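Shared chain: subunit A. Partners: subunit B in the first complex, subunit C in the second.
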Partner chain A sequence: MAPPQTSQQTGTPLSPAELSYLHTSLTLTPPIRPDSRTPTQFRPLIAESDILPSTNGSARMIWGDGGECVVGVKAEVEKNSASTGGARDWIEISVEVSGQRDDDAFLGMTVAESLLVPGSGVLERLVLGERFHWKVFVDILLLTPPLSHPATLLTLTTYLALRNTFLPRLVSEVAEDPVFDDDWDNALALYPIGRIPPPITLLVVSVGENIFFDPTREELAVGDVALAVSICGKKVVGVRTLEGGSGGVGREVIKRVIKESHEVAEEVFGSLNSVGEGD
Partner chain B sequence: MSRYEILSPEGLRTDGRRWNEIRRFSAKMATTTAADGSSYVEHGNTKVICSVNGPIEPRAANARSSERATITVDVCFAAFSGTDRKKRGKGDKYSTRPIKSPNLPTYQGGGGALLMGRAQSKRRVLEMQSALSRTFASTLLTALHPRSEVHISLHILSQDGSILATCVNAATLALVDAGVPMTDYVTACTVASYTNPDESDEPLLDMNSAEEMDLPGITLATVGRSDRISLLQLETKVRLERLEGMLAVGLDGCGKIRQLLDEVVREHGNEMARMGTL
Partner chain C sequence: MTDRRRINGPPEGTTPLEFLTGFTHQSVIKRSPTTLRKIFLKTSLTPPATGSAFLELPTPSSPSTPTLKLTASVYGPRPLPSATAFSPNARLTAELKFSPFSTPGRRRGYIRDGVERDLSAQLSLALVKSVDVGKYPKSAIDVFVSVLDCEGGLGDPGDGKGGGGVEVGLMGVLAAAISCASAAIADAGIECFDLVAGGVAGAMLERDGDVEVGRVGEGGDSGGARPRGEHARKVTLVLDPSPAGDYVILAAAAVGYMAAKDELTLVWTKGSMSPSSDGTEETERLIDGAIRAAIGVRLVINEAIKERWLLGLNEIGLIKEKGVGGDGDTAMD
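And then the complex of A and B:
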């Protein structure tokens, strides 16, 4: 199968005329998306959690456009050392993209930066007495890169895996070498319910006056600006523009993006937290 | 003598199976739309995702053959797949080149991948890739697609013994899903040889990682219902007279796996027919 011809500027198989048509239909009030979704609607996806018995927490997500991502979280006991970067090194994130030789540094960065939200209390939960701490490895395996930007897929899967990550309960005293409870039912959640959850990153594209969540590749190509909004609990912890986009937007739009992200994130958290309850 | 009993006097193994029982096997086809064919196989705690692209135009010039399709295989162990997290450095990822000549480095010493150094596990991956590529080259009707490539990509998410066998089964399902012409199912399983305290031997079908660590074992694959072996790997020393018995049990196991795969394929076909996608 020959790859479809892609236009040089956008990486989509659409001609300039088609792109212009798409742009127009997205600027209408109400806007019309090619797949007839509402502006805040996500594409259908399949999510599973707790799939790998050899990890502390794991999740798998498959998107309708073929994007597939598996995240495994493993924890090891490590001795405290003063020489390295301190508590920031206790969580290590690596992203592996199938079929690519070099790990995509940017993707890892997107997740890693938002994961270490200061004051989220995760690092305190990794302390094991005076001399030891947990070292958490978050390995993200992107099996098939989706056609659109993978940031949302990555962070949603990571969120799901981290929410299902459990660490054995410590039974030894603070000054001793760590000894753990054998009973897995007593394990402690890395992100307990009611505490600040791991953050997620949502992709938003704005076209004219309209903003769209979970944009497809085509929608990204015609957008005025593409934003990655990181949300942690009820707070927006980061906004950044992504490459692509033409023209930029006024600050009014950014304000609206942040406001709507809140509402959408609430729904996303709700549905992600219900994953695994069905079975 | 190991700390625990591989086979209890009552004839039960560590996970409660008898000698001729395989672990829980579940498989899904067409798990992703991004590849031409895909599958997800769980065999006990060994879990493998496979995707197949092809026949496609060869991505590398040396994968082009004017007579037949070349089969390239990528095997990738996820960092979290083992008991301990595998630390992976730069340049640890590999991509297969098509195998031109079969003189591969010989590989000695069995045991799970967990105990191996990086160089050894790299060699193990390369060997798995070439074994898979050779096995499927003999079963797929590659002559129908000259100057093209069939690319099989395997991701091992969780390893608990019988990895190569599970890879073969996953690849078979994905190839069926992709519609690559092939003569029959290729199914694989493993057999260990257990020595009773009275020196008599007992073959154990379908090793888990604990058995793989302690016992000599073979991996074998057969084509379809015929008892013809298309892949055989013996990585450890085993008494010659035991091999015959192990092969017999293995062939029987491959037959069982074939039945399971056939059920999965038929169920998937019925599902597709119901959805009207055929």
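And then the complex of A and C:
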């Protein structure tokens, strides 16, 4: 037997026969996943927030397969300048995958695109008077390249970190240079409760008639289509196709995936918010 | 005596240089929301490549207005480099590059940036599902798309209109790149299941309506005025939106669509429309709109490939005096 190959290019270490077996078991009704999860069930994970004392907000998440993600959010005061791209540049996201060259543009783009979706109201909260604004740096570190696509892990951790990000309260007047409240207890949340929360991206794979959330790499390999669905608040704000699957899919499948992700996202938001309360 | 150590200006005065004012975004041809722009698509323009295509959108009235022009060239199927592992299927790689002079705002560097890598990845995703990669084991198919000119709307600093809304420029570039590369793959004679056509649709909010709504919102109390304001906003689905158009795009979708199989190879949507609903229906409508656009583009690809094919038959003498379109110009309404 050939040794298991780990590179993304060659795909999974499964043989065609094994892949066919997996495909058949996933197309059954009800489907049988290799780890006996239900279609909408996520893999168990450990999540904690506020772990880095020198940041404005941070979170860490560990998945059962060894994937680990640390997100730190830092904010700096910056002068408004006409030359740069305006509010679009106020949030900067960088993704670092350990053990890989930083050539995976996709991950950062997905997060950035859904964070900067118009109407989410974040950028208004970054304004500091007339001449200054906060610049928020979101640094994402994927410690172990997980065996599956890291998009879900990454956005869930980013969500937790942003949810726990606090910025010092401004005490100066609008026209003055910004002066902040010394007391961290008075700091304002970047995403206050009751406003539109940060976005999350769910990885969904469709096999035959069935739709699976949080797919493993093997499930991705046999899927008809893999989609990353970004949801902000209660709205679907972005859909992207991912690598995986062969041939195209009908539009009905895509629509069903979008609809179902929207439903599942509510549950995900609920459980993620309870992480913050537990601490 | 003249001063020979310096370069002196002319003894009599000169008139100051007068530059034309920069390009304007105003001269956009008016078209109905469901009309696509005409597309010029011609194949086999890059001799060294196995297959190639050139795509251009029409130039609006003034020649200095940027428009979308891109070329795709396909090399392969050719053997994989000896260092790579065995692959039972052909490996398709796609590379999309903006020329340094292509963007109206900031100059693009020679090194591929994040946006280009992202578009390349999506382009290869859209194409690989249409190519019968199983027919070409141990080989590589390389697709290179180079954007010669584009209309902006790429989210670059100093480029955006700043009025909120999403940028459709990248989606337009991606959709055009998919269509062009698909034509180039067909031109290269690589076996495909179907041809992929790219289509874009956007939910458009007219600017004038937006201003009015803003005033209504400020005048009344916010709670009561909001639903009325939402109602007053005119959101229409527009196919093939131009980033140069004078409207705000609230949400947009780009698809790679295989018309004969009625299948999608790529879906990319962004933005959201109404704060009240959950956005799933709007996303569905957008995807349907983008598919309609892609069907229109597909007709152009068909024509371009047919022209090329007839030309080829003509050359080997199978057809004589058949109506081979002189310049291969294909356009649609």
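By definition in this document, the second predicted complex is superposed on the first by the 266 of 279 C-alpha atoms of A that agree within 3 Å, B and C clash if a C-alpha of one lies under 4 Å from a C-alpha of the other, contacts with A are read in each partner's own complex, and residues count from 1 in each chain.
By definition in this document, contacts are C-beta pairs under 8 Å (C-beta built on N, C-alpha and C of every residue); 3 or more make two chains touch, one makes a residue touch a chain.
Bear in mind that the values here come from a model prediction, so they are computed numbers and not experimental data.
*Asks:* Look at where subunit B and subunit C land on subunit A after superposing the complexes, then choose clash or fit.
*Replies:* fit
*Asks:* Quick one: classify A:97 as touching subunit B (first), subunit C (second), both or neither.
*Replies:* neither
*Asks:* Considering only touches as defined above, state whether A:53 meets subunit B (first), subunit C (second), both or neither.
*Replies:* In the superposed model, A:53 contacts subunit B only, not subunit C.
*Asks:* With both complexes overlaid on chain A, does A:255 touch subunit B (first), subunit C (second), both or neither?
*Replies:* A:255 sits against subunit C, while subunit B stays out of touch.
*Asks:* May I ask you to decide whether A:247 touches subunit B, subunit C, both, or neither, giving the answer as first, second, both or neither?
*Replies:* Touch status of A:247: second partner only.
*Asks:* Taking the superposition on A as described, I'd like to know which of subunit B and subunit C A:74 touches: first, second, both or neither.
*Replies:* first
*Asks:* Which partner, once the models are overlaid, touches more of subunit A's residues, subunit C or subunit B?
*Replies:* It is C that touches the greater number of subunit A residues.
*Asks:* So if I put the vertex at the Cα centre of subunit A, how wide is the angle out to the Cα centres of subunit B and subunit C? Nearest 10 degrees is fine.
*Replies:* The C-alpha centres give an angle of about 120 degrees at subunit A.
*Asks:* Touch check for A:141: first (subunit B), second (subunit C), both, or neither?
*Replies:* Only subunit B; A:141 stays clear of subunit C.
*Asks:* After the two structures are laid over each other on chain A, how near do the C-alpha atoms of subunit B and subunit C get, in Å?
*Replies:* Closest C-alpha pair between subunit B and subunit C: 12 Å.
*Asks:* From the superposed pair, tell me which subunit A residues show up as contacts to subunit B and also as contacts to subunit C.
*Replies:* Looking at subunit A, the two contact sets are disjoint.
*Asks:* Show which residues of subunit B lie in contact with subunit A when the two form their complex.
*Replies:* 31-36, 45, 47, 49, 51, 56-57, 74, 76, 78-85, 88, 93, 95, 153, 155, 157-160
*Asks:* Which residues, counting only subunit A, touch subunit B once they are in their complex?
*Replies:* 1-2, 51-55, 58, 62, 64-68, 70, 72-74, 76, 94, 96, 98-99, 101, 137, 139, 141, 143-144, 146
*Asks:* In the complex, go through subunit C and note every residue touching subunit A.
*Replies:* Answer in residue numbers: 85, 87, 91, 114-115, 117-118, 121-122, 125-126, 129-130, 155-160, 162, 164-166, 193-194, 250, 253, 256-258, 261-272, 275, 277-280, 283-284, 287-288, 291.
*Asks:* Using the touch definition up top, name the residues of subunit A that touch subunit C in the complex.
*Replies:* Touching subunit C: residues 5, 9-10, 83-86, 88-89, 103, 105-106, 108-109, 113-114, 117-119, 225, 227, 232, 234-243, 245-251, 254-255, 258-259, 262 of subunit A.
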